[in-house]
Amino acid sequence: MMLLAAEVAPSFWHGFFFVFFALLTCGFALGVLFSNNIVRMAFYLVLSLGASAGLFFLAGAEFVGAMQLMIYVGGTLVLLIFGVMLTAQSRFISMKTPSGEWVLGVAVGGCLLLLLLSVAFQVKDWRTPRGKGGLSLEDSKTSSQIGMAFTGVRVDKLDQKNEQLAGGMSGYLLPFVIVSVHLLVVLVGAAYMARTKRRATATGAVG
Amino acid sequence: MSPTVADFFHNSFRLPESLAYLTAAVIHCVLIILVVAVGALLFIWLERKVSGRIQDRLGPTRVGGAFGWLQTLADGIKLIAKEDITPKDADWLLFKLAPYIGFAASYCAYIALPFADGWAARHMNTAVFFILAVLGIEVFSPILAGYASGSKWSLFGAIREAAQVVSYEVPLGMCVVVPVFLCGTMNLVTIGNMQAGLFTNWLVFNDPFTFVIAVVYFTCATASVNRAPFDLAEAESELVAGFHTEYSGLRWSFFFMAEYGSMFLVSGLAAILFFGGWHGPIPIGEILGDFLAYVVTPLVGIVAWLLSFVFKNVHTADHVAVAGHIANSLGCLNFLLKGLIGVTVMMWVRWTLPRLRIDQVMTTCLKYCVPIAAICFLGALGWRVADWTTGADIPLVGIHYGKGGRGMVRESWVEQTQSAKVAENDVPDAPITDPNASDGPTGSVEQSPDELLTMKGGDQ
Amino acid sequence: MIALVSVSVSHYLVVGAILFVTGVICMATKRNSLGVLMGVELVLNGANLNFIAFGSSYLRANSLGLDGQLMSLFVIVLAAAEAAVALAIALNFYNNHSTIDVDQASDLKG
Amino acid sequence: MATQLDDPRIIEFDVRTDEMLVNMGPQHPSTHGVLRLVLRTDGEIVSEVEPHIGYLHRCAEKIGENLTPRQWIPYTDRMDYLAGMNMNLGWALAVEKLVDHELSEKAKHLRVILAEMGRIASHLVGMGAYGLDLGTFSPFLYAFREREKILDLFEEACGARLTYSYLTPGGATADLPNGWLQKCEAFLEQFEPIIQEYHALLTTNAIFVKRTASIGVMSPEMAVDFGCTGPVLRGSGVDYDLRRDGEERYTEMYDGYAFEVIVQKDGHYPRDHDYPAVPKEAVLGDCWHRFYVRMLEVVQAIDIVRQAIDRYSTASGDYGVPIKLTQKLPKGEAYLETESPRGQMGFYLISHGDSIPWRVRARSSSFCNLSVTSDLCRGCLIADVPAIVGSLDLVMGEIDR
Amino acid sequence: MSGSNLVERLSQQFGEKITGSNLEAIDPWIEVTPQGIVEVTRYLRDDPDLQLNLLNCITGVDYFIADEKKAKKAGWDPHTEVVYHLSSTKNKHTLVLKVMLPRWKDGVEGELPEVPSIAGVFSTANWHEREVFDLSGVMFTGHPDLRRILCPEDWIGHPLRKDYEMPLEYHGIRGR
């Protein structure tokens, strides 16, 4: 195996790491699905999303990979685990799903999966690897382009000669602003919602 | 691009390329492990010595000779021999895994940290970002450990850690962004190289705002690696030992390996981002350029020549590379020294100051660090836009020693992009645009922002 | 072995599909509201993987280019926002009902 | 429902989490021994603190009913083991009050020297340990470095470093050795400038002020109501020091000494021009003031020792003759309180004419000071609990007796 | 205020609740009935001339000799005393109050004697009364939280009573 692979050099490791990260991603995703312990689920989710960041790196999206690690894994999931800890009472840590729901869920999900898998290999262009003509991963330098795109300049589309297409070349400035405002609103809203106005529970309330 | 280690193995030993890569990877891993593990050994010893001196006592004196330099090793052996206890109420899987997550994250972040010009395990154009991201993952270690221990004190530590680290990532990110936009790249090697020359070239002296930013960065870094006065997650006077209350033996020591690993990491990052990286305060190499040219370079040449007997297939390029690496090792020492100073300052702070309270920690972050960082961010941006005098412009000794201050690099970048644009215009039917256009000044196809804007305007 | 040496967009799509389906089943079956939230994160991540795959010029010559990465960045940021809101809802629900079981959230049922 | 909302123990929160009962102690780094505090917390906020004591209980009072007063002296050492000299003194004075023993001048000055040196040693530990409670280790070692020198002096005088059993009813077991006074003076000379170091490390440290100022504020009325004494009482601004206001038998020891009671008057402490000013965040009666009173009492004690050394070297009489080991005690009862470093240490002695007292009672200052904890800590953060408990400067040996 | 004046004044104020005094003792004391102790202490605390606002100590003393021959010679009947030491932080004087109680309530062995709690007058009395209850076996009625304080909750007996016998063993630990 090693010798065979040796012929195609660095892409062997590329493939190797793809399989490695893909297995981790899927495996831990299944872990999230099949675990009943909410804390373990959160832990598996961390690993699954972390491994998928590895897939991003392999696809040359270094910036997005790092973003995934920083915002998703380092921020959102910490928040999630925080929520788990705040609500972690022994009776909520393990909540069993009724087996009827399992059967239904797995049946529907299985059909969906089959559909998606068949689609994944339908298009020839998708299933053909770029092969040796592909670019080396060393040269992934997209972060400043992404930055420019967010501020409204598409560096990668500068050669766009089609007048009509060039008109839509303003990048993602508007979505970027919308998302920024959205985030602000969400933060305020979340902070407001998490407040309880008054401890209005009677003596019998739990906790 | 200079030949990589993998190329060296491939060329010199005729290893198949995949094996060459594997060997190179293993070598890098081992080197980083050495840095982290030996670093931890050294730092724990140093911590004891420093704290001892600060507290008017001796610290370790016996093990391993005069300075007790083997004390940490003896402790390590003791820790390995200790019983590994898992509490009854613990979630055993998470309890056992948690220490390794922290260590793995701390270790992983070293991948992108250059120790000298080009001496990084993996060159990344988003190195700064990557290090911050991976350091952010380290927080899972205390959180999971605290949660899985099944102890209330541990849980308190975990919650404190979660709140603290997530909050401090905000000002930390803001501080880190300042050198990034000053240098126009997230590549740590480039950022480091841009500060070559006299120490006034260091970004910390770039303008008053960067000076403040450097201080804020160090504060936030101290907080994000959980060192006193921000070590609330393990506050012994309140939470017994916080998240690692229930740990013993080797697992416990992994937390400390991770802590000391990240201490050096953030100090090293500070050194690169603000304090000139692997460049000394005075560019001795340039001042003594003649000496180097006439004495050292022949020596290096002889070494390379001797090496060529051993490795028959070493190319001339490798000679140059070897010579560069030898020169680089001096820079590496420089960098290690700067990191060490950072770590020592953290120790000094720890043994001097009382611990803050959790609300005060959050106040420090949200009321002080974030606004100061934001103001300094804008200030530094304004300074750059206004093109006021920077530290690099101040002639201290009368001569500019710098193989290219940041200003020069900037200009050359613009020049390059302009020439590239000209070239592009010359060849209108160029194939699809290379999406791998440069991320920084080293590249050639990058467009300067102003031009792009004008172009866009023209298009409309 | 082939898969080992040559990765194509389809391979990414497979991983994305598995993540997506796992997330969907997770959303459907988990009773813990935070578990449902985790399912949503998986679904988003599966979609993200597709964006990245289609946008990667290493996997396909005529890729989406930068758009793929930009979309996935938006997804990540929006997922963070979504998590914050969902968590706030979950905490509020917990505060008012002292439970986080979504099946118990039936106040509006006639 | 309404009743519960009115219940002061329940505190309103924005985000409600589960209330937790947490045991702080008896094995906890900041509980100064074996104090156990049961905290009812909601997140970081403490809604109720209940001290549980008795882990060090030896029923010394019962033992005292079976021993003669001189035999019981070692037990007093072990109550407040950080200020053994002061405990010896308190017991000795109570017994002397019962048997109506008059001391020579020399013995009185000797006692003043030792009691005030003991006060310095005790406050040094209090200061260092308070630093530990707030998470800084170095002041503790700086404090112990100087305390060791005092212990050296004590060792030279009586042979013991912690449990002295030196001052006995009737005087002391021995005179001070030759040259002791010079060494003591040399120590004071060397020690006095070092106090500025402590102020630099703690008193004026911004983080220290943040952690202690306006934390655990105790009004003068509350302090008196809870029977708090010593620096805790004076930190609340009550001008009461037994060395000046106590019983004749005790205050006559301090007759002719120039000292001012350390208490804030008109926003100023006596002699505070030499030392850091009160920060504007600090409120009278908070942890910072209690700490500062202790720091100033160290200076005050240095002054008193200096005066006592002068007067001791010129005083007439003997260092005192201990009463006989089995001396018959007259019928009657005597209660006497002295100003020990932690507050008013009272000993109560009832005799029915035997050489063994019928009943012995020790009124412990830390006991009363601790009882205020649950009121002080209500609604504070977890991190404030060590800060408040530490500022009371407890010694469990004295509380549990 | 001299001792006899004070006794007179208290007798006027409280009548037969002041049952005696000993002004010749080293620490002169006034005897109060159990029923009067709360009123008297409150009066002493609030009276502008006295202002005895600091409760120094509460002591329970057991007067009992098991040996009958010796008991006859003792010169007192078996009883329990509760002694209150008060002082004033303002007027710098002290006062001792005593409450005499039977050794057992209504003479029934095992029933602890009762005295009203003054925890409502002095907060510090709370813990002192718990200690007296714990060690000397005096029941303080109206006490907010009368539990053992120094001995473990499940301890049997009150160690400072003269008829106390150390248990043979406590949770497997040898007592004697």
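When the chains are written out, they are named A, B, C, D and E in that same order, and each has its own residue count from 1.
Simple rule for what comes next: a contact is a pair of C-beta atoms (placed from the backbone, for glycine too) under 8 Å apart; a residue touches a chain by one contact, two chains touch by 3 or more.
Every value quoted in this text rests on a predicted model; they were computed, and no experiment measured them.
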Inter-chain pair with the most contacting C-beta pairs: A-C
Greatest separation from chain B - chain, by CA centre: E
Greatest separation from chain A - chain, by CA centre: E
Chain nearest the global centroid, as defined over all protein CA atoms shown: B
CA centroid of chain B to CA centroid of chain C, Å: 32
Intercentroid distance (Cα basis), chain E paired with chain A, Å: 73
Cα-centroid distance, chain D relative to chain E, in whole angstrom: 26
Touching two or more other chains - residues of chain A: 5, 12, 63, 67, 75, 77, 79, 82, 86, 135, 142, 145, 156-157, 194, 196, 207
Two or more partner chains touched - positions in chain C: 57, 65-66, 91, 95
Multi-partner residues of chain B (at least 2 other chains): 159, 435-436
Footprint of chain E on chain D - complex, ascending: 53-54, 57, 59, 61-62, 65, 97-98, 100, 222, 224-229, 233, 238-240, 245, 247, 332-335, 337, 344, 346, 348, 350, 352, 358-359, 361, 363, 367-368, 371-372, 375, 400-401
Residue numbers on chain C that touch chain A, as the complex places them: 1, 3-15, 17-26, 28-32, 34-35, 37-39, 41-42, 45, 48-49, 52-53, 55-62, 65-66, 68-70, 72-74, 76-81, 83-85, 87-92, 94-96, 98-101
Chain B-facing residues of chain A, complex: 2-3, 5-6, 9-10, 12-13, 37, 39-40, 43, 46, 50, 62-63, 66-67, 69-70, 73-75, 77-79, 81-82, 85, 88, 135, 138-145, 148, 152-153, 155-159, 166-167, 169-170
Footprint of chain A on chain B - complex, ascending: 1, 16-19, 21-22, 91, 93-94, 97, 123-126, 129-130, 132-134, 136-137, 139-140, 143-144, 147-148, 155, 158-159, 162-163, 165-166, 169, 184-186, 430, 433, 435-440, 443, 446-447, 449, 452-453, 455-456, 459-460
Touch list for chain A against partner chain C, complex: 1, 4-5, 8, 11-12, 14-16, 18-19, 22, 25-26, 29-30, 32-33, 38, 41-42, 45, 48-49, 52, 55-56, 58-61, 63-64, 67-68, 71-72, 75-77, 79-80, 82-84, 86-87, 92, 95-97, 101-102, 104-106, 108-110, 112-113, 116-117, 119-121, 125-131, 133-135, 137, 142, 145-146, 149-150, 154, 156-157, 172, 175, 179, 182-183, 186-187, 189-191, 193-194, 196, 201, 205-207
